[in-house]
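Heads up, the thing below is written out as structure tokens.
Naming follows writing order (A, B and C), and every chain is counted from residue 1.
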Amino acid sequence: MSLILEAKGLSKRYGGLTANRDVSFDVGQGEIVGIIGPNGAGKSTLFDLITGFQSLDAGRVLLDGRDITGLRPDRIAALGVARTFQKLKPFPNLTVTENVIVGALARTADMKSARDAALEALALVDLLDKRNSFARELSTGQRKRLELARGLAMRPRLILMDEVTGGVDQRTILGLVDLVLDLKHRGLTIVTIEHNMQVMMRLADRILALYAGRRIAFGKPEDVRKDPAVVDAYLGTAADAA
Amino acid sequence: MASDQARMLEAARAERLWPRPSRWAMALVLAGAGLLLAFPLLFQTSFSHHMMILILMYALMAQSWNVVAGFSGQISLGHAIFFGIGAYSSTVLFAKYGITPWVGLLVGMLISTFAAIAIGVPTLRLEGHYFAIATLLIGSSVQIVFQRWDWVGAASGLYVPINRTSPWFYLQFHASKVPYYYLALAAAGAAYLLVWKLRRSRFGFRLQALRDEPDAASSLGIAIARHKVMAFMLSGAMMSVAGTLYGQYVLVLDPERLFSAEISIIVLLMTVLGGSGTLWGPALGAAILVPLSEFSRIWFGGTGRTIDLIIYGILILLVCMWRPSGILSVVEERVRRRVGASP
Amino acid sequence: MGLIYALVAVGLSLIFGLMEVVNFAHGEFLMLAMFAAFWLWALAALDPLLSLPLVAAMLGVAGVLVHYGIIRRLLKAPMLAQVCGTFGLAIALRAGAQFLWTPDFRTIANPLIAGRVQIGPIFIGEPQLVAGAVCLLAFVLLWLFVTRTETGLGLQATAQDRQAAEVMGIATERMAALAWAIGLGCVGVAGTMLSTFFYIFPDVGVSFALLAFVAVALGGFGSILGSLVAGLLIGLVESLGGLLLDPSYKTLIVFGLYLGVVIARPNGLFGRV
């Protein structure tokens, strides 16, 4: 299995606070890698470091073997990496379709194809009925799907999802899980940050566990779940998943 | 994918990319265009021509500000720079070297574009307020420079040499204002057409994206700095055209007026009032404010200028407090919503 | 002069630090303060030194009014509206002053403090000296207030994280109004002192405002110490620049300074991250 993403020794500090310390992991083509950890463990920062939104203090990021450390976010996006944000950022003054078109425009310069690609992405996330509403009118769950659609319209090879199931109801969660699995079957490689252990267990091929900015485990879900360091750190969560 | 989604997808794909404007909108546009073209025939007074010429020029200038502020979200408070550059470029070339103002027009645009790059590259990376302050400072500095620069006439300004032969070559019309009117109409028309196309283009969408959520835009492959600078360049060029035309119209250049904060302010107000980020907002703003300003000058005489400003200031404040997106934004939203109704 | 810049800057810094609103009308309030001092002198024969507390109080009240009347609305609006809104206020005030009081320059003659003093090889006017001292005093008082009193700490808390402050029971709305009151109060002090030796006319606020913006950007939004240092620095640079080059190029120099700092250290010398 070829490696799409390799992160080696990623570190980031803010003054006295260490956000990430020497985190390494890799992601194979077509895999779903999940990242778990309590709040403040440095998960979102990791995404920022990988996608160029924050600069690394140490470490390297390789995409398909190519060093992308230090590249600007838009350059990294152009290389086929999409991401969603935990704090949702829809374009409020554009309609849902237009929002996704912006994503599609990363791949094509023709407006018609961009529109069609956008519609396909919207269909995938089951948001077509809202396509002419303004993005600011959507509910949280809908906005999450919008953000996903926007990233998907880029036709990325790798997508980083940040808390996609956070704050949505159970039914939507099930729908999202099915969607993510569907995406995997279509050949997309996915890295996802999740708090919901049930979702994580269903989706992930491998799991990266973070605690206080460091990696405490990385491997198959069953192994990670039983790992003593993980059990130590997430006493409650391990009980949930059991 | 659920089958109902598939069905919807097919239906949606079959839709036109850009919704067809409603019948009355088309009628309105055609009527408006007709009216504008026939204006000088319908209204013969020199004053009405003068007013319309000003409205058209300001509509052009306001639209240029709209490009950089309304669409890209960069608030420039010193936009008069480009106006002055346009006016001075063509006039200096003509007065000193006898080059026709048509060429001067293009040169002005070129210089403005370079100025936009020179100013934009270091400043556009700054956050909104910082950028605004920087533009204020630049606007002020450029005005001072031109007031001291002897080669362009320093504080006394420049006169466009009068040449009554071959008016179209020298871009001066003394018999009547009508040619100026059509020139202004052509320039403004071209600009609005350009912005209309811009809004539906890849560049236009990406600009609006970076205006609203730069992080998200960046994650979708949009090179933020580059796009901002390009918008700034376009805006500067447009403003410069207005400057050249204005110079040829009034035939006297005065750095006090041309680079004045007043122009930067008016341009801002027109767009904000009419609706920033919309196509016709700037034009509406111009159409409201130019007559207001001209008439207040007539009624209040010498103090007209000051009363102007008081009203402008209060107007801007009120608009920003109550309806920051301007008059037309409400209309536009409703149109977009209705036109794109679900099946 | 640097101290005056610093004081004006501090007012601005406070307001921005708390409210994330840059008050583009700041200079105009300075102008108002100066005119207030002038009229109090002209009509009531009150020397600026004496009318100082009165003017400062007036501005302070104005600050509260501005906050409640105008700023609260603006906060809900996008940045474009905030910038343009205070900008519009500035224009209206400037033009209003011009309309009411004509563009003429005025001065306060026969102030209490006059004459010059010689320090080493430099002549400094006594009014300037006194002004500088008063401003310094104001700074110290402000510093003490913000760092030692409970209200002051509340201000700081609100500045750093509004939501957290609310959760802790701090009346953030009132803090914001307070910030405006103090901010404009500072301007009131600065204005009154300026009026003892500077020309008073409607556009006087413009250049000071610009310099204040630069000072705040330099020193970092939200940092009182930063504003002080930056203000002094700018005063220094300006005087030196004035000596070396044509005085009218001062703006350009200051601008250069602004650009340099803002690009190199986007948060200013002492600013918060």
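Just so we're on the same page, a residue touches a chain if its C-beta (ideal position, glycine included) is under 8 Å from a C-beta of that chain, and two chains touch if they have at least 3 such contacts.
These figures come from a predicted structure and were not determined experimentally.
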Name, by label, each chain that touches both members of the pair chain A and chain C. B
Central subunit by CA centre of mass proxy: B
Relative to chain C, the most remote chain by C-alpha centroid is chain A
Intercentroid distance (Cα basis), chain C paired with chain A, Å: 47
List the centre-to-centre spacing of chain B and chain C in whole Å, with centres computed as mean CA coordinates. 33
Between chain A and chain B, what is the separation of their C-alpha centroids in Å? 41
List of chain B residues in touch with chain A within their complex: 1-2, 5-6, 8-9, 12-13, 17, 200-202, 205-206, 208-209, 212-213, 215-224, 277, 333, 336-337, 340-342
Within their complex, chain C touches chain B through residues 16, 22, 24, 70, 73-74, 77-85, 87-96, 98-99, 210, 213-214, 217, 246, 248-249, 251-252, 254-255, 258-259, 262-263, 266
Please name which positions on chain B make contact with chain C in the complex. 69, 73, 75, 77, 122-123, 125-130, 132-134, 136-138, 140-141, 144-145, 148, 265, 268-269, 272, 276, 303, 306-310, 312-317, 319-322, 324-325
Could you please specify the touching residues of chain A with respect to chain B in the complex? 51, 53, 72-75, 77-78, 82-83, 85, 89-95, 97-98, 101-103, 105-106, 109, 111-112, 114-116, 119-120, 123-124, 126, 128-129, 131-134, 147, 150-151, 154
